[in-house]
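Look at the two complexes coming up: subunit A is in both, with subunit B in one and subunit C in the other.
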Partner chain A sequence: MITFKHVSFGYRGGRLFDDLNLDLKRGAIYGLLGKNGAGKTTLLKLMAGLLFPKKGEISVLNRIPRKREPGFLSQVFVLPEEFDLPRMNMDEYARAYGGFYPDFSREQLTNLMRELEVPEVQKFHQMSFGQKKKAYIAFAIACNTPLLIMDEPTNGLDIPSKSSFRRVIASVANEERTIIVSTHQVRDLDQLIDSVVVLDGSEILLNATTAEITDKLQFVHLEENDPALYAEQTIHGRWGVQVNDSGAESPLDMELLFNAAVANRQAIKQLFNR
Partner chain B sequence: MKDTFSWKRFGLFARAELAGERRSLLLKLGGFVVFCMVIYMLWNIKVIFAGGTVDAGGGVGYVLPRLFVAMAMGFIVYFNLSGSFKRYFSKGRGSSAFMLPAAKSEKFLYASLLNLIAVPAVLIVIALLNDALWAKLLGFDNICSVMGEWWSRSIVRINEPMTGLFLIANIVSTFSGMAFFLAGAVVFRRHQFLLTLLANFVLSIPVFVYMQVSVTTNPESAIHLLSWMSSDTGSWVILGTGVFFTLLWMYIAWRRFSTLQITR
Partner chain C sequence: MDFKSEKPIYQQIVDFVCDNIAGGRWPEEERIPSVRDLAAQLQVNPNTAMRAYERLQMADIITNSRGIGYFVAKGAKQRVIGLKRTEFFEVTLPEVFDTMDTLNVSMEEVADQYTKR
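The block that comes next holds the complex of A and B.
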């Protein structure tokens, strides 16, 4: 569905990605994790055709994104971290822009706006940033594009809104739809995603489903001298990530996983590329 | 979905964009209407409130307002052209503008038609209507009748410098200047108006230098050049050059637009 083959890219300051390879499958919710400045937004822009690779090939939905053909654009919706909306209300906006997306559903939009508690009649410029973001998220989902790319969608949302966001995303996920959510707030993706991509040091450290991760790793409470790929002291004791030799199941802790991947790069790469 | 240009989708795109830009367009055009009204009123305050003739002082009451209105119109047209692709460089609106499912050619045509044709045409209509209104109120010949008279005179007297061809050649040259600002709007990522003005100045330096050198060293040749320019041959050359540069600037604008990326 999304393939990066030997992709190189850099801004004027230098090279960000060199010989990057990535393969994302249809019908999954991907969490794209990385530190600030790791290149998450750049990776999403390359996928959407908003940036062009210096070398290599990118294929998304069997098309070349950089061509920005209407047939491609109507299948992809990008929700950027920062955005401006025109001085309209959602009804006017939906009438103006909904028609560009073949599977856009006005009814679904109304339901989503209700679910996210955003008034439909209020003009965007009179809304708070969080409300605007929720309105745009609702529109993005209602477009029903096969690929939905969201860059830091939970930034600016309050705690109840973050829960609503997770609920809404989980309710619209299906086998035909791929959703990529980029964030550095890993807790926001707990219980939501079914695949994780960790980007660090300009390379893909990890690209695996949550099932594969919990199959190979354990997120457990550790004793003082227990060996671990990564461990940290909390008020509830020492918690960490171990290689899952026993085959026991443990709930995935995104924050521990991310820290383990960054702290123990080679071990994680070897474990998942086996 | 059709990947090539579609008139139906172009209509949908234009409708959506106009709905989003409605406020800023109305502010620009409304501001121009107010400016036109105020400038004519200011130059004729004495006639309006104390009476008298508008033709006093060689018609300063309608000649100068026309000059100011023309200058304001020029400024709005060129400034507006410099903002033709502003949304594509905006951090907040760039992504949605690029990702809107319309062909690049539809987006480019919309920006070109709106800013090269529609806005200047509406401004001209506003200026003409305003002039006609004040002409009716104060009793002077409106600009349309003055121009009509001048046009028929220049057409009839074919040997005069102002032939129809010369006029068309100059209109096309003006259009190529506008196309230059359209190209500047997409070539420069920021300060489009100022940087295009600067580029315009830099590109015209050789012409300035040539004219100055030829005037100071051989005034006869400069006069000869000016009279040649107003001849039929000269007009055809100006027309051809105007068409060439219009196409060149449009091509540059298109090439740049079709490969534009979001780097902010």
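The block that comes next holds the complex of A and C.
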């Protein structure tokens, strides 16, 4: 669905990606995890054709994003982390922009706005940041594009809104739709994601489904001297990540996974690149 | 850090369904939420909910009528209670025994408390 082959990219004065390869499959909810400044947003922009690779090939939905063909742009929706919306309310906005997306549903938009508790008649510039973000999320989902890219969608949402967001995403996910969500707040989304991509130090450290991860790794309570790929001391005792030799399944903890991947890069890469 | 459970999410969903059946909230032979509705309600990935339903089907606790939906199987309540009893004797009780050993609590004290309830 999405492939990056030997992609290089850098902003002026530096190289961010060098020979980056990535393969994402259709119909999954991908969580793109990385520290601040790891290049998550850049990676998403390359997918959407908002930035062009210096070298290498990118293919998304069997098209080349860089060409920005209408048939490509109508299949992809990008929800950026920061955005400006015109001085309109949602009804005006939907009439102006909904037509660019062939599967856009006005009815679904109304339902999503209700679910996310955003009034349709209010003008965007009179809304708080969180309300505006939810309105834009509702529109993004209602466009029903095969690829939906969301950059830090839960930033700025209050606690009940994060719940509503998870509920909405869980209800629209299906085999036809690929959703990529970047986040540095893994706890907001960890039950929702079915594949994880970890971006760190300009490379893809990990790209695996949650089933592959719990097959290869164990997230467990450890005794004081138990060996582990990564461990941390908590008030509930010492918890960590071990290689799964027993075949038993443990609950995936995204935060531990991320910390383990970053702390023990070689071990994680070896384990997952068979 | 927040460790809500030592069980994988799909296993927690299995428990959620079993609790509803054992508690009589989801009666036998009645329809239960679709995978999509359950996923939305619990805010989890639909594939995870699907996996839980597959396990429950294999254990004959729910059935799938193609095109109609999922139903609580006939005799499911008894089966769920049976499974829960096994879990109680194999998992819960040994933990209680360990704690009793650590705290030096005798069986007589426990029996005493039990009858006094």
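The rule we apply is simple: the second predicted complex is superposed on the first by the 274 of 274 C-alpha atoms of A that agree within 3 Å, B and C clash if a C-alpha of one lies under 4 Å from a C-alpha of the other, contacts with A are read in each partner's own complex, and residues count from 1 in each chain.
As a convention for this text, a contact is a pair of C-beta atoms (placed from the backbone, for glycine too) under 8 Å apart; a residue touches a chain by one contact, two chains touch by 3 or more.
Note that the structure is a prediction, hence the values are computed from the model and not measured.
In the superposition on chain A, no contact is made by A:Ala138 with either subunit B or subunit C.
When the two complexes are overlaid on their common chain A, residue A:Ala94 makes contact with neither subunit B nor subunit C.
When both complexes are overlaid on chain A, the residue A:Leu50 reaches subunit B alone and has no touch with subunit C.
Once the two complexes are overlaid on the shared chain, A:Val181 sits clear of subunit B and of subunit C alike. Of the two partner chains placed by the overlay, neither subunit B nor subunit C lies in contact with A:Ile58. With the contact threshold set out at the top, not one residue of subunit A is in contact with subunit B in one structure and with subunit C in the other. Residues 1-3, 6, 9, 12-13, 15-16, 19-21, 23, 90-96, 98-104, 259, 261-263 of subunit B touch subunit A in their complex. Of all residues in subunit A, those touching subunit C in their complex are 29, 163, 166-168, 170-171, 173-174, 187, 191-194, 214, 221, 232, 234-236, 239, 249-253, 255. Here subunit A touches subunit B in the complex through residues 11, 45, 48-52, 68-71, 73-74, 76-78, 80, 82-84, 86-88, 92, 96-97, 99-102, going by the rule given at the top.
The residues of subunit C lying in touch with subunit A in their complex are 1-3, 5-9, 11, 36-37, 39-48.
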